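Several structures are given next for inspection.
In the two assemblies presented below, subunit A is common to both, partnered first by subunit B and then by subunit C.
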Partner chain A sequence: MNSKKMGMRMKRIFVNAEACTGCGLCQLLCSVHKTGQWHPALARIKIKEMPELELNVPVLCLHCSNPPCEVYCVMNLIYKDPNTGYTLRREDKCIGCRACEIACPFSAAVMDPIREVVVNCDLCEGDPLCVSGCPEGALLYMEDSEAGERKRKAAVSLGAWRASRPRDGRGSL
Partner chain B sequence: MKDYSGKIMEIDLSHGSIRIKDIEAQLVRQYIGGIGFNARILYDEIPIGADPFGEENVLVFAAGTLVGTPFPTASRSEASAKSPLTGGFGTSNSGAFFGLQLKTAGYDVLVIKGKSPQPVYISINDEDVKILSADSLWGKECWECVDYLEKKHYGSEIALIGPAGENLVRFASIENGRYDGWGRTGLGAVMGSKNLKAITVKGTKGRKAHDPQALLNAVKKGQQLIKSASSYHAFTEYGTLNASIPYSNFKAISAHNFTKGTLPNWKEIGGRPIVDRYGSRHVACQSCIIACGHWVELSEGKYAGIKMKDLEITPVMSFGATVGLNTEAIIKACELCQRYGVDMVSAGGVLGFAIELYKQGIISEDDVGFELDFGDDEAAFKLFHMIINREGIGDILAEGSKRAAEQFEQGDKYAIQVKGMEIPMIDPRGRWSTWTLGMLTNIRGGDHLRCRNPVENLRFNERDEEYRKERFGFKQTMYEKLDMPEELKRKTIDLENDITYIPEMSKWAEDLINLYNSVGICIRPPVMEKVGPTIIAEACQAFTGIEFTPAELMESAERTWNLIKLFNLREGEKAEASKFPRRFYEEELNGQVLDEGKIQKVLEIYYQLRGWDPKTGRPERATLKRLQLEQPGE
Partner chain C sequence: MRIVIVGNGAAGNEAAVNLRKLDSHCEIVMLARESYPAYSACALPDVLAGWIPLKQTFLLKEEDYARLKIERSFGQAVNKLDLSEKCLQTAETVYHYDRLILATGSQPVIPAVPGSDLAGNFVVKTPGDIERILAHKPKQVVVVGAGNIGVETASALRNRGCRVSLVEMKDRIMPLLYDQKPSALIQKILEEGIEVLTGERVSRISGDTHIKVVHTQGQDINADTVIWAAGVRQNTDIAREAGLSIGSLGGIQVDTHMQSSEAGVFACGDCVESFQVFTRKPCLSLLWSSAKRQAQVAARNCLGYLDEYEGSCSLLIEDIMGIPCVAMGLNLEALQGYEVEVIEQQDENEYFRILMVEDRIVGFQAIGKVEGSGAIFTMIKKGTPVSESRKVLLNRRLVPNLAWYIDSSQYLSCSN
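This part shows the complex of A and B:
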């Protein structure tokens, strides 16, 4: 099946930055799972502290439909998995030029300083540790449609829907 | 020792030399890490009677053993030196991310000796350690320096001092990035005396656990324990401010320099509602699942434009109660403290002291230059700046309230301090508990953070005439789940009569907190309630591969406590110094004064429990032998 069609049903990690406290547990769990060592610098998820917005935002690979890293990889190592639609790479062949890191609008591809190759979040074969380890529920692993559904639900419960309707309540859109 | 980062970095600023040493296995066995290492190093390195501002004082930073792992709240590092405020062991603990970077740079301990001839800062990038000129930073406030250093040393964590530390204000703090700090005991002034403006640390080395799976299991268990604590949910929402209203109801807050016990409308000024009103999102330190901090933004009013991490009970009490400021002024005061690098508790204490001197007519407008009153924020901040810059009367106040009190007639009555350090928050006349006895037995002076009852019950405030006990007040399950050796638990808590014995609990709580400060976890109530030596031993063992039993850990914490006591005694601490300020014994609050004789009796029980001489508070020879602390030649 075409990967782009799959995209609608694939599970991804969604970020609820409002809930993130910046405790950094996701980074430590990611680094130890992927490298056997504890260090935020080795993690494929990075928390950006934004004091001016009073926010901590976890940044990680979003598995775009048209990933610029795929285009920019001179070694042609980055590909979309035909079954899952994830953006994956053959890390063993990576020359570490970091073109993909620069091409990514989020810089979500990161250098692994131990092996000196660039890596991105591969969603841990369907069981991302950062998600299960987040104490605040700031990371959600779900299908796009479910994430959309949640967001719509949250918006409706906030009264956004009611506000968009005319005052008499009959609704004559 | 598979993953003890296992290195001590020693920097001698006098000679500009840098030395990296291995940590001996014996030191880890006996002292675990954090404050334990600091105690041993200071005891061995600082000569008796050393000038806190002199070349021979040593400043030590040590990250706790578990820092860098996901163990809940494992973020904390301890800074220690001989204190310019108390003259004894000065030490302070801070969270955030400094400890993690220090550990991943490959060091457990950072020792700073000597005195640089000109202003410098230290930059650490793994093995690459440089001493750089800080001429352009000297005199600047902290946040400006952090901005500059963050750009220059991208990704580093920064420990630094502000103008207060440079001017040797005796209660200056070392700031940990923008919003955290090693506040108490005047360590910032020690750093200032060494002409050291800042330390930037960046580490890139990962840390391996001896048994990663076992560590993850311990982490999970630890998280579950903390989440099951009775105070967990309240803490995730309101942080430390939960205790504010109960203490005000007991009439036990430090209102107007400990004269009132409570203030009208305190709930709106300093209770939980201020979190709803001013706070926004929660902020956590490394690996914390509680996230008690809040972002605060003042968008209107006199102090509009402040944006910071704030709303902790200590500064709220210090500026809201002791000085009597309103909430917005409290937030401004916190900002000032962090920008200029001052300990919030002592700053509030000294301001409250000065205002009361003024109100009593001991100092006048001619001395100060303007009028002072409780609740007058503009005057308080003017005086604050005079203290930081040591101008006029500020020069006297910058010496701390005990030293300043000697300059004024009857001054000692209004200086609310123990062993030179200003008492925070709570008034023992309003509530007598393990916490308040801890202010006397604390190895760093009048302070509330080294002795807290893990099962303190804030619903009750029953006064025991003998000062010996407080009400336990919880159900049996709480008793059963408390991680404490059974025999000791029976001696400490009498479930049948619903009693906690204060001296017994003090000893346990002090050792437990010392253990926390050794392994680098936090003393927030949900942690204290549930995380005991058993789970810590499990995590330490999984991480380091060294076999620790819970009993060994508690013994090592006790060893550290005794060693610090020996340090203080060596510096000339007298048993009489373990005494509250005169006011608490003489002036009534809620119709109560403290009974000095009875408190002395409780102290004697405490000393005996510790194996110290009941009169002098000196550790007995047998105790030192048991703890392997005998002095050579004795």
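This part shows the complex of A and C:
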């Protein structure tokens, strides 16, 4: 393991739904990066639209600590990376049964219909394109502690949260 | 500490892996009747269908056992458990243990009907069964029992080009999973390629050395192969003879820590009697996921870490002729005695029904579309009140933090 990998331990993608406009760029970037095809249905990030609330909520694998997908996988191919805590899978073993998808509260595991295997967000080796490509800064890639800090501040004032997000059109922190 | 695990199925292997995760020093010994390394029984129908090679069903390699420092003695049955001496006996050896995990699983039952001993009778449980079935070159097959294993096996052999009849004693297919209506819809899809006979019981199989005709009360079906998927029996002999408590349904009795009636002896998987998450009544779960979760609990408690089993909640997803079907939680039959509200919706391509008791979702069955049903499954498992989900989904501030509720709205919005 190289030092760069060590340095990004436990970083995860956090969502600021308030900022999401539902443009779908994250999905296109994800799908083209992961499958070579340009289609939101192939993305590992979904946008749940809630028009009544004027809200778009990006949803993707949360890398839970006791993931139900792991238990419900009949091929035992889902595992927690001992170093990063990420929920990863040995995709070559997958039989495409979709039990993991349904065991997930978010259905954040998605079928890759081209390879007929189910996949989840793997945080792109530490450089998630959805995050860097989001023009609104609705996706944040950071450590748990940092996110907790931001959330506490956000609870005090939503305005403060908004002001804190980068203005250069790129979500990088 | 020396921990012995009996059984090399989903439960035994999950227990072993979890023990090693928590304790790098303890001695782990696995004993099993069969000599295969860990494999997934659930993937065997896919091999029959020709979708995946048999080797893909194996889950652990020799190196993995070595890396995990798991000592194995496969290919010999345990004949006796002696609780006072803390030891197990096989034909050749005596194994002492400090703690014991029984994960002896279950075995398919072949009822004693005349002719069930002829060549051409099979079950689907181990890689060896699949090899034997394929070597037999089946052409005309009768699958007995239309539970999920029977249905998957029938579809698989149909995919191989066999002519298949599926015989079910009850009035509908997958009677433990689906209610009348969705079961009938699935049957219709199956009937595009398979003959389905419900309310029929195989009474006799005739032939000389090989199978020729399968007889039910109403039918004589020409066949060269019979596959028995008519239920399983728990492997509890050694536990019973040792004096461990056996439950009313025939499984080894355990508490929520997966400990049997004897301290230091744990049990998990198909061989135990656990409880259903909603009714809290005893049940035989017979699912891969329950076996794994119970094994985690057994392993943790075995090493002194507290963990409690939260109850079994079934989830079975089936690909029926290319159409996804899912059944989760309980069906109406299992909910007898409760006042159940049924919400259903159907159009040309999709069907679903939700079973509710008071404010809780307790069952869900869907055909054609399974997307987003993870939210429903989570509500069933957690017992989330539907009213709470509705409240959250109307609250702009709560939704982003409880985003998993969102998918439930597509199923719940159709009710009041």
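To be clear about the criterion, the second predicted complex is superposed on the first by the 146 of 173 C-alpha atoms of A that agree within 3 Å, B and C clash if a C-alpha of one lies under 4 Å from a C-alpha of the other, contacts with A are read in each partner's own complex, and residues count from 1 in each chain.
As a convention for this text, a residue touches a chain if its C-beta (ideal position, glycine included) is under 8 Å from a C-beta of that chain, and two chains touch if they have at least 3 such contacts.
For clarity, every value in this text was computed on a predicted model and none was experimentally measured.
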Combined model on subunit A where subunit B meets subunit C, clash or fit: fit
Subunit B versus subunit C as contact partner of A:71, first or second or both or neither: second
Which superposed partner A:55 touches (first subunit B, second subunit C, both, neither): both
Touching partner for A:113 - first (subunit B), second (subunit C), both, neither: first
First (subunit B), second (subunit C), both or neither touched by A:31: first
Touched partner set for A:145, first subunit B, second subunit C, both or neither: neither
Partner chain(s) touched by A:83 [first = subunit B, second = subunit C, both, neither]: neither
Partner chain in contact with A:18 - subunit B first, subunit C second, else both or neither: both
Subunit B versus subunit C as contact partner of A:105, first or second or both or neither: second
Minimal inter-chain CA distance - subunit C and subunit B, angstrom: 7
Subunit B and subunit C contact sites that coincide on subunit A, given as residue numbers: 18, 52, 54-55
Residue ranges of subunit A in contact with subunit B within the complex: 18, 21-25, 28-29, 31-32, 35-42, 51-52, 54-56, 113-114, 133, 135-136
Footprint of subunit A on subunit C - complex, ascending: 13-14, 38, 40, 42-43, 46, 51-52, 56, 59, 288-289, 292-293, 296, 315, 317, 319, 324, 326, 328, 370-375, 377-378, 393-394, 396, 399-400, 403-404, 406-407
Contact set on subunit A toward subunit C in their complex: 15-18, 48, 50, 52-55, 57, 59, 68, 71-72, 74-76, 93, 95, 97-99, 101-107
Subunit A-touching residues of subunit B, taken from the complex the two chains share: 68-70, 97, 100, 104, 178, 203-209, 212, 216, 223, 280-289, 291, 295, 297, 307
